[in-house]
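Here come two complexes built around chain A, the first alongside chain B, the second alongside chain C.
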Partner chain A sequence: MIRAKMNKAFLKIFGKEEWYLVTIPVFLILLSFIVAAIIIIFLGKNPFLAFYNLLQGSGLAPKPAYGGHKSMLTDFLSLLNYMTPMIFASLSVAIALKGGLFNIGVSGQMLFGGFFATILVGYSGLDWAIAKPLVLIVGIIGGAIIGGLIGLLKHKFNINEVVSSIMFNYIIQYVFSFFIHGYYIDPVSRQSKYISDASRLTLVNVQMFNLKMDLSIGFIIAIILAIAVKVFLDKSRLGFEIKAVGANHKGANYAGINVGRTRVLTMLISGAFAGLAGVTYYLGYFASIQPRVLPSMGFDAIAVALLGNLHSYGIIAASFIISIIDKGSTYMSSKAGVRQEIASVITALILLFSACSVYVQHKIQSKKDNLEYKARKEIK
Partner chain B sequence: METIIIDGLSFGLPLFIMAIGGIYSERSGIINLAIEGLQGFGAFFGSLSIILVGHFFDIPLQKLFYLALLLSMFGGMLFSTLHGLLCIKFKANQVISGVVINILSMALTIFLTTQINSIVFGAMSDKFRIGTSNRFTIEFLAKIPIVGAAFKNIYPFQVVILIIAVFAAYVLNKTRFGLRLRACGDNPHSVDAAGVEVSRIQYLAVMISGALSGLGGISFAYSISTNFSPAIYMGYGYLAIAALIFGNWKVLPTFGACLLFGFARSGGYYIAQLLKMPSTFSDLIMILPYVLTLLLLIFFSKANHPPRALGEIYDKGKR
Partner chain C sequence: MSEYIVEMKNITKRFPGVVANDDITIQIKKGEIYSILGENGAGKSTLMSMLFGMYEPDQGEIWIRGEKVNIKSPNQATKLNIGMVHQHFKLVRNYTVTENIILGIEPIKRYGGLFPYVNLNQAAKDIAKLSKRYGLEVDPNKKIEDINVSLQQRVEIIKMLYREAEILIFDEPTAVLTPQEVEFLLKIIEELRNGGKTIILITHKLEEVKKVADRCAILNKGRLVSVLDVKDTSTKTMANLMVGREVSFEVAKKPSTFGEVVLKVENLWIRNQDNFDIVKGVSFNIRKGEIFAIAGVSGNGQIEIADAIAGLRKISQGNIYLNGKNIKDLTIRDRIEMGISYIPEDRQDVGLILDFSLAENLSLKDYYKKPFNENGFLNRKVINDYGAQLIEKYDIRSGQGIKTQVRSMSGGNQQKAIIGREIELESSLMIFVQPTRGLDIGAIENIQKMILEERDKGKAILLISLELDEIMSISDTIGVIYNGEILKIQATQSLSINEVGEFMMGVKYDD
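Moving on, here comes the complex of A and B:
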């Protein structure tokens, strides 16, 4: 009896068909947090406190004390700053997935765009009015080159894009590590030398209301482009072709769409977004490149894209949530004594559950149908 | 020359056993990109258990070598059931599931390693030291010029891998189970019509692939670093996948591909030493296997025939 009631309540919240795009991701996130809470309880810590610390660390809840020129607002702006490359990277993954391609090389493409933007513009000493747009352009071109190359290899040589992008990830990571170590290393920080402030896509330490804030220019661009991607996929001819190839490439071919060309273009666009993610990451949130490390953001972006149902607005929301986990984890680990690595475990759990979203939807639907069937029977 | 062969074999053989695992899974119709994560989790499980056993029963770690191999296989198998569940029961996209498993494995093992190190051993470390493995030389064979190097300084796991590999190849190609497994990848309906449960065979195939990946993972832990650390996620699992694609999903050509990767890697290091390059050049040598993979795939991908039903979720009602 109680179970039936709980079932009913559950279905009332999550069972509305028109809201599946929202309710199912929310349900999956809840599920991941429940699992994470169990892990944290197992470690002898209070999960609610830990989760509250996540919010505090990311500027969504007040901390007990702040340093000079800092407040909740600065933390929140820093979150937006961190979230910017995440949105770009997830859009990159989403566009490729819409076209039936799995771009797991976002990290490598980020590094590729970020590296060339750093050495070509970041160290150039150009004026900001030229440098900032140039950084974006170099990033877009850099990412698109690698993305397009992966698409071309798939089209011309039938190489699985997953394998080739992973190979590119490693090659890019090691080759650039060699160049950074050899030519651009800062001996103190063991990273590449800092770029000029004029070329940085984040305005750092802007004085306002007696606060020092980091304002991300990229964030505004990210929101605009996210909307543009939605319009592009929904309204444009190429957008339709990409979706058609993704849904059924044989059918698309039969309908007269050039599948190979569309795939290359898909990867080109996807790579361009990854490049944008790279410049907002390396020349925005950070101002240098850590050699021999690929940004884990490129992989987390897969989770974000799936969680957001490959939908622009969904991706913005999902980026927000994942960024909170990433960004708040440092504060959480210092306050609650839960290790920072738990953040990536939570992200991975969300990813794990969102991989089963189709099944969850199917389950909820069949439960609902079952209940309706029973109800109809009782009336009779 | 000798070092190239010795190091090449100790790198190529673990790669080979992982690739065989991949072949099992993919011939049964389940794409397995999770090998990278499975090998890491297997190595984690094996090294964690021998460290705990060694710590609480006061046994020197060297004696627990074979236990480590066995438990790594078990750990890999355990984790691979997750991939099986996601792909077969929950009907997730197999490529995405594989990548998810990799990310989860990396996050989970790094988290657990630091956590367990601080709770049990009171140390801040993301490593489990598992000690070095003994190596041995077969004297009379080692005297043969050039080829003899293959019998010098052998890790015990290399012998284990070879035995298991031969057995696995036999099972896959000559037994009834192997036939059914291969049929699952090409035409699952025929298997169903013959009265065999497709999902059961696929679960078994994924689990075998997990066990073999775990064995490969612990071998890397022993041969490359003498510890388990996040550095185990170097992409060797993906390299194994490239090897099996290059080997056209067949055991013997895959063996050749793995040896090629092994020798390319050790040969690169040898040349770097010979030319007295500074250590920063090691980064450039690291890319050799990956570049080689790409080049080989460019030449051989067109002629490849993956299992026909690879990546499709078996649906009884479908025609």
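Moving on, here comes the complex of A and C:
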């Protein structure tokens, strides 16, 4: 009897079936925070304080004191700035996955787009009205070249995209590192030289209300493109073909869809988004490139895309949550004394739990079936 | 000791959304052939899978030899001397017969009492002894991939016997065999019974039950309808109980009138991935208003011919003419537009995109045309209206109409959706591969009627089926394929089912 009641209560949490897409991830995220809280308690710290610090650090809750020209708003804008490449990178992963391809090379494609935008536009001294759009275009083309190449290798030579994209990651990482060290290095920072402000996709230190704010142009583009991706996948002919190839390539081939061509196009688009992630990362959030390092964001994006259910709005929400944790972790470690690595643990927990979403859905369904079956039996 | 060797009491098994077995009780005596009869989806295989430990029942008990047991895995079932021949054989293709049989229970010997090794010689001897005793001759040193389906089945049977199985479960054993091979298998089954084994025969073929079974349990939609003594019951009664209504076996067929040639296949050669010629110089014509059936044992190249005509598979030599035009170099989509409809063998993996909605699947071959597609964007309203129209016209049943995910639909309705979509293409050639496989009697009747209607509309139809009864009852011309060659092309009326069966096994006559 108690069991039946618990089952009913369990089902009630998730509400109607249409809402599962939202309620299940929210449930899992809460669950991961509970587990994270337990870990923090074991470390002898106050988990609520730590979580509150995360919000403070990312501009969602007020800090007790701010430096000159800083406030909660500037922290929040900085969060959006950080979140921008995350959205692009996750969209890149999501598009590829919709087409049945696993683009694990987002990091390499980011670096490829970012590097060329840096040397071609970032150091050019062009006027901002030309430089900023040009940065975007170079990023898109750069990412698309690598993405398309990976697609082409799969189509022509049946080379698994996972293998080729990992190889491209290495090639890009070390070849560009060589060029940065050889030609573009800043001897003080040991990074590539700073790009011109005119070419940067984030407007830095904008003076308003007596505050110095970082305004991300990329963020607005990211939101617009996220919506565009949704429309593209839901409504366009090519989107339909990409999804068909992803869901069942044999069936798509049978229906007359050119599977090889569709795959190349899928990777081309996915790569273009990775390129956009690259320019908003290297020429937006940062203004230089750290050599010999691939952005870990390209890998985190895989998890973010999955957490967001490969859905545009889900990806925006997931990027937001993961960015809060990333961004707030510095403040958390300085205030609560919880080490920054714990933030990564929380992120990892969220991703781990969100990987269980299919299991939870299955569990709900079988509990439902059981209840219905019993109800029918009783009527009999 | 109870008189029953197997008792399954009040078994209930649920899968998400369906009750596969609803409170079923059966009792099987030692040394009888007990048949489980029912349509596809009636729950026969599920019931027996629980006896073999592949599933556990949600409710109910299983008793073996008067003792309550809890069978959690096939290994446990084997220990209880239960064996099962699955519909799809579980053999390692590049292992020899002997290796397959001993896999998992290898006889071990030690060199000098120290180093263990598998005693293949001993195993081969044991196997030879077993196969002689029951008339199951196989060459123990041949690899599985080199022997035909009926021999592979024998290997499966020997595998059970080698594990000293007393209760033998056969899951649709005749589905892949020619009529002659079926005869032989039924004899073996009787032989096994006479040797004291208990046989459980899962099938939906009434003649087999009538021929060999002592008793049969009839299942319908997960419920046990009746348990009958086979010798006192007519086939007709069994059929009616199985389907739950009156059925007729006759297909109403109008006399045929052939028009001009639509499809002309000339000296077709096809090579498979292993660079092996799987189709060798096949030629045939199909005329308007003709149902041309290719009969043959599975794996003799018939599927490859269908794929080649539709453009899904490359050919190595030969020509394919559709309405006089050579189409061998055209893309799949070009061929569809030239007038080829194709109902593929694998409806779930090829014919449909299971994660897409019913409406999307119904316009899977039209979505890129106007008015479905305007300037690169799909018109959902057109797609939905078209879907609704086809659902109505072809009586496709589903949970939520056009929005239903095709994955959740029954096999029969999935097939109706494909056939409806393909008929609406109004192609001059329609290729049907195994159109009724795995469907229940109602759906089979329905689909065969549709095929005949298309014929009467003047379409050329290529039918590839492993069900010889189906070929005999609806085709106009039969081409029998064996080992990649068509041995015989002849009008259906002038052939008997046994003659076709002989050609299927490669017997050639010089006439």
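Here, the second predicted complex is superposed on the first by the 362 of 380 C-alpha atoms of A that agree within 3 Å, B and C clash if a C-alpha of one lies under 4 Å from a C-alpha of the other, contacts with A are read in each partner's own complex, and residues count from 1 in each chain.
Keep in mind that, in the parts below, a contact is a pair of C-beta atoms (placed from the backbone, for glycine too) under 8 Å apart; a residue touches a chain by one contact, two chains touch by 3 or more.
For clarity, every value in this text was computed on a predicted model and none was experimentally measured.
**Q** Going by the contact rule set out at the top, does A:Leu349 touch chain B (first), chain C (second), both, or neither?
**A** After superposing on A, A:Leu349 lies in contact with chain B but is clear of chain C.
**Q** Between chain C and chain B, which one touches more residues of chain A when both complexes sit on the common chain A?
**A** Of chain B and chain C, the partner in contact with more residues of chain A is B.
**Q** Which partner chains sit in contact with A:Phe88 here, chain B, chain C, both or neither? Use first/second/both/neither.
**A** Neither: A:Phe88 stays clear of chain B and chain C.
**Q** Looking at the overlay, does A:Gln365 come into contact with chain B only (first), chain C only (second), both, or neither?
**A** A:Gln365 contacts chain C only, not chain B.
**Q** Per the contact definition in the header, classify A:Asn253: touching chain B only (first), chain C only (second), both, or neither.
**A** Touch partner of A:Asn253: chain C, not chain B.
**Q** I'd like to know which partner A:Phe102 touches here: chain B for first, chain C for second, both or neither.
**A** So A:Phe102 only meets chain B here.
**Q** Check whether A:Phe112 is in contact with chain B, with chain C, with both or with neither, and answer first, second, both or neither.
**A** neither
**Q** Which partner does A:Tyr184 reach: the first (chain B), the second (chain C), both, or neither?
**A** neither
**Q** Across the two complexes, what residues of chain A are contacted by chain B and by chain C?
**A** Of chain A, no residue contacts chain B in one complex and chain C in the other.
**Q** Please name which positions on chain A make contact with chain B in the complex.
**A** Residues 43, 102, 104, 153, 157-160, 162-164, 166-171, 174-175, 177-178, 181-182, 292, 299-300, 302-303, 306, 339, 341-342, 344-345, 347-349, 351-352, 355-356, 358-359.
**Q** Residue numbers of chain A touching chain C in their complex, please.
**A** 235-238, 240, 243-244, 247-248, 250-258, 362, 365-366, 369-370, 373
**Q** What residues on chain C touch chain A, complex-wise?
**A** Its residues touching chain A are 14, 16-17, 19, 310, 312, 331-333, 336, 342, 344, 346, 349-356, 360, 364-365, 367-368, 373, 376-378, 380.
**Q** Going by the contact rule set out above, which residues of chain B touch chain A in the complex?
**A** Per the touch definition, chain B meets chain A at residues 33, 86, 89-93, 95-97, 99-100, 103-104, 106-108, 110-111, 114-115, 235, 238, 241-242, 245, 280-281, 283-284, 286-287, 290-291, 293-294, 297-298, 301-302, 304.
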